[in-house]
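Chain nomenclature is as follows: A, B and C, assigned in order of appearance, with residue numbering initiated at 1 for each chain independently.
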Amino acid sequence: MLSQNHYDSIQLTPEGQLKHFLTIEGLSAPLLTEILDTADSFVDMGAQQVKKVPLLRGKTVANLFFEASTRTLSTFELAAKRLSADVLNLNISTSSTSKGETLKDTLMTLRAMHCDMFVVRHSASGAAHFIAEHVTPDVAVINAGDGRHAHPTQAMLDMLTIRQHKGDFSSLKIAIVGDILHSRVARSQIHALRALGAAEIRVIAPLTLLPRHLEAMGVKVYTEMSRGLRDVDVIIMLRLQKERMQSALLPSESEFYKLYGLTEAKLAYARPDAIVMHPGPINRGVEIESSVADGERSVILNQVTNGIAVRMAVMSMAMSGQLKDNQLSAKA
Amino acid sequence: MLSQNHYDSIQLTPEGQLKHFLTIEGLSAPLLTEILDTADSFVDMGAQQVKKVPLLRGKTVANLFFEASTRTLSTFELAAKRLSADVLNLNISTSSTSKGETLKDTLMTLRAMHCDMFVVRHSASGAAHFIAEHVTPDVAVINAGDGRHAHPTQAMLDMLTIRQHKGDFSSLKIAIVGDILHSRVARSQIHALRALGAAEIRVIAPLTLLPRHLEAMGVKVYTEMSRGLRDVDVIIMLRLQKERMQSALLPSESEFYKLYGLTEAKLAYARPDAIVMHPGPINRGVEIESSVADGERSVILNQVTNGIAVRMAVMSMAMSGQLKDNQLSAKA
Amino acid sequence: MLSQNHYDSIQLTPEGQLKHFLTIEGLSAPLLTEILDTADSFVDMGAQQVKKVPLLRGKTVANLFFEASTRTLSTFELAAKRLSADVLNLNISTSSTSKGETLKDTLMTLRAMHCDMFVVRHSASGAAHFIAEHVTPDVAVINAGDGRHAHPTQAMLDMLTIRQHKGDFSSLKIAIVGDILHSRVARSQIHALRALGAAEIRVIAPLTLLPRHLEAMGVKVYTEMSRGLRDVDVIIMLRLQKERMQSALLPSESEFYKLYGLTEAKLAYARPDAIVMHPGPINRGVEIESSVADGERSVILNQVTNGIAVRMAVMSMAMSGQLKDNQLSAKA
């Protein structure tokens, strides 16, 4: 794992402004708070008649999805269009491989077309970093999920949802439940919660789905819901990757649901005003009981709404930082 | 079949304004005329240099096509863009089923992304109604074809084309020819023609392709072109679904063409100034003779032009009605 | 091959203004220079914050790609969006053939939807001409590559790149290297270079990849790089179609690279300030050595940037010419 200074130098300008958004690691509480505040202003805009601002007018955003994800692609596409950007959706894997072009050549070509921002989704950890470091001196890169490493916009929309419902993080106990081992979402959430000063971060999972050294990240580890959920203010369910089921790591769906599925009964362990979160799409009856997903303590649809707002926030902030950085470089 | 009051309560505001556009059934002649008048204004705009109005600026239109149809999708996409909306094309069947999400979850998610309008195409009759009733308290739903039930924008573009060429409906004899049994287009046309006061509505088809109880809809039934086309002012050919050919319902293509294909010879049965319509894409030599499709009495390409205008009309009217309805609900 | 007068009458207005852009053949040096000058103004715009002009606002551009090409499609899509047009990408081959519609019906339908411009890519030589001649009295047609015939926007972006680096054409020696026989790009380049008055045009290829009668086009033919590259100012490498490799026409990739690949060693035959061009995507180690492709004499990425600008230029010029032509026709 790279040092904090290393990450800072990639995704921040010398003045500490965002110019890429690759990972939560190394970002300060004030910067994360600035993202949340900016996103809040876009949430308000969603209630208005005209949900559009000209912040990225005349800019081109290229969505480079090496790994298919209709839902995440749609949220970035909508966020970019509501910022008035022109959007280019590229199924880059098939187009480049079919003609034998290297990744670097593809990216340099897109940059030469004056694309201003790459939104990157890739199955390899570190792909967005690689692109930001080696290929694009003046293009802002947004990480839309890279392997098991990070999914920072998902983590920030979760933080926004928690802050909207619970206010200050310093008194909160938060439990993350499910396949921690394979989850880039969980990693990004833990970094964000630590930076924002959450009182207590817990993970709940079977031993086979727990990475090592979690305690070193300041996290309390539980293997039983009855103990892990006790007195928490926020429950974050992870999505179960069904393809893992075939492996030896996981019990059957029904076995998992019995032990770790969030039912009304298990929800009772948490605080009476605890909120329930899930990144979606939900598997009803696998990770979560339908009545909980649709219940009054579920904030799952707020997460979706906040997902657009957070993406608009990081896209506009990174574009602004990238432009300032280039103007400074041009003078130097 | 549901009562007229039931349909009214779904697709109309308490003041009788359109807020969804699901079916022609239950819509009054004045409302249908308002749609045609609004569409006429958009037809005029098509001749101008800038074919764009800001009526849906800052709104997001999601095209949910569960059933593929490149042509219909293109007309809705163009109509939305010319109203200045942001457009999201979703191949929703593959995206949702591949991740095991329910239809309701998909729709609630799109609504949480602040999509303002769903254009729905589905192979199941009633799909658009279901969505309008159960899922979307503040999203306008436009039916772009549901099973055998309805295809109301197609019917309205046909009405616009008839009115442009023939003026008043009250003196017109209109024949609809082809596979009536499986045609959502024919159902919607019959409802529209009745509401607009057409003098005489005829259908012409082999017995195997005629639904029962047609006479109860105020329609005259013919099985021979020579009798059915006599003295009509308007001939509407239906598109033959080639997949039906394999079934026992239909004779061969050449047999169908011989009996029901619109040739120059059969066209002579109609009035000398009769117009010829077809929803497209046409099967030359199956439903229609090439010289008739391309002849001076064909208004098939006018239908295409009117298709954009009618879609712009119902999209802008439903959005306006939906917004007023929500403002009233918010006050109540 | 058609006469120059014939081409003029198709793609030029009576006043000699561009109304389609189908081929370089028959276009005068002043008109080609006007395209380059217009493109230059769009290149400058690319460096600005807002890379958008309203020249095609309210117009609809339909990209009709019968032959898949993600990269070329992307450049036309971006060019159209930066001119503020609405863009419709149609995978027209599958959509029309699956419903049995003829090409002519598809095009007449798109025209009836008030599409203002067709960008056409087709594997058959002459497809764009056919469309411009027979189908579209008031739609501007841009040829994005037709069979072995022409790829005029590629040739013009190459001319722009040469002019930016070398200024006047009248003193330049230019070599085109590779599969001349199958290359629509080479044909268009030769026409453009001749019209713009290049001092000397050479082609370098194995005998099996050389068309007959090249000398009649005013071109010098070489089969060896050592002689063909001597003292040239510009080297244009062609892309090798790997599917040709299976045929008897071509040696193996390594054999081709040895004889015709542009290495540092072979580059030394040219003038010390010679520039290196390639239409992309490049096959490193087949047509070109990596260090040459990425070296200081390579202008490959400039070509990409110029590709957007040239497409914006011909799209806006053809639209303007088409509109004037229609106004004149309407008065007559």
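We take it that contacts are C-beta pairs under 8 Å (C-beta built on N, C-alpha and C of every residue); 3 or more make two chains touch, one makes a residue touch a chain.
A quick note: this is a predicted structure, and the numbers were derived from the prediction, not measured.
In this structure chain A contacts its sequence twin chain C using mostly different residue numbers, the overlap staying below half. Superposition angle, chain A onto chain B, using Cα atoms only: 120 degrees, a multiple of 5 between 0 and 180. Averaged C-alpha coordinates put the centre of chain A at 42 Å from the centre of chain C.
Contact of a single residue of chain A with at least two other chains is seen at no position. The residues of chain C lying in touch with chain A in their complex are 46, 48-52, 70-71, 74-75, 77-78, 81-82, 242, 280-284, 301-302, 304-305, 307-308.
The touching residues of chain C, when paired with chain B in their complex, are 57-60, 86, 88, 90-91, 94-96, 99-102, 105-106, 108-109, 111-114, 323.
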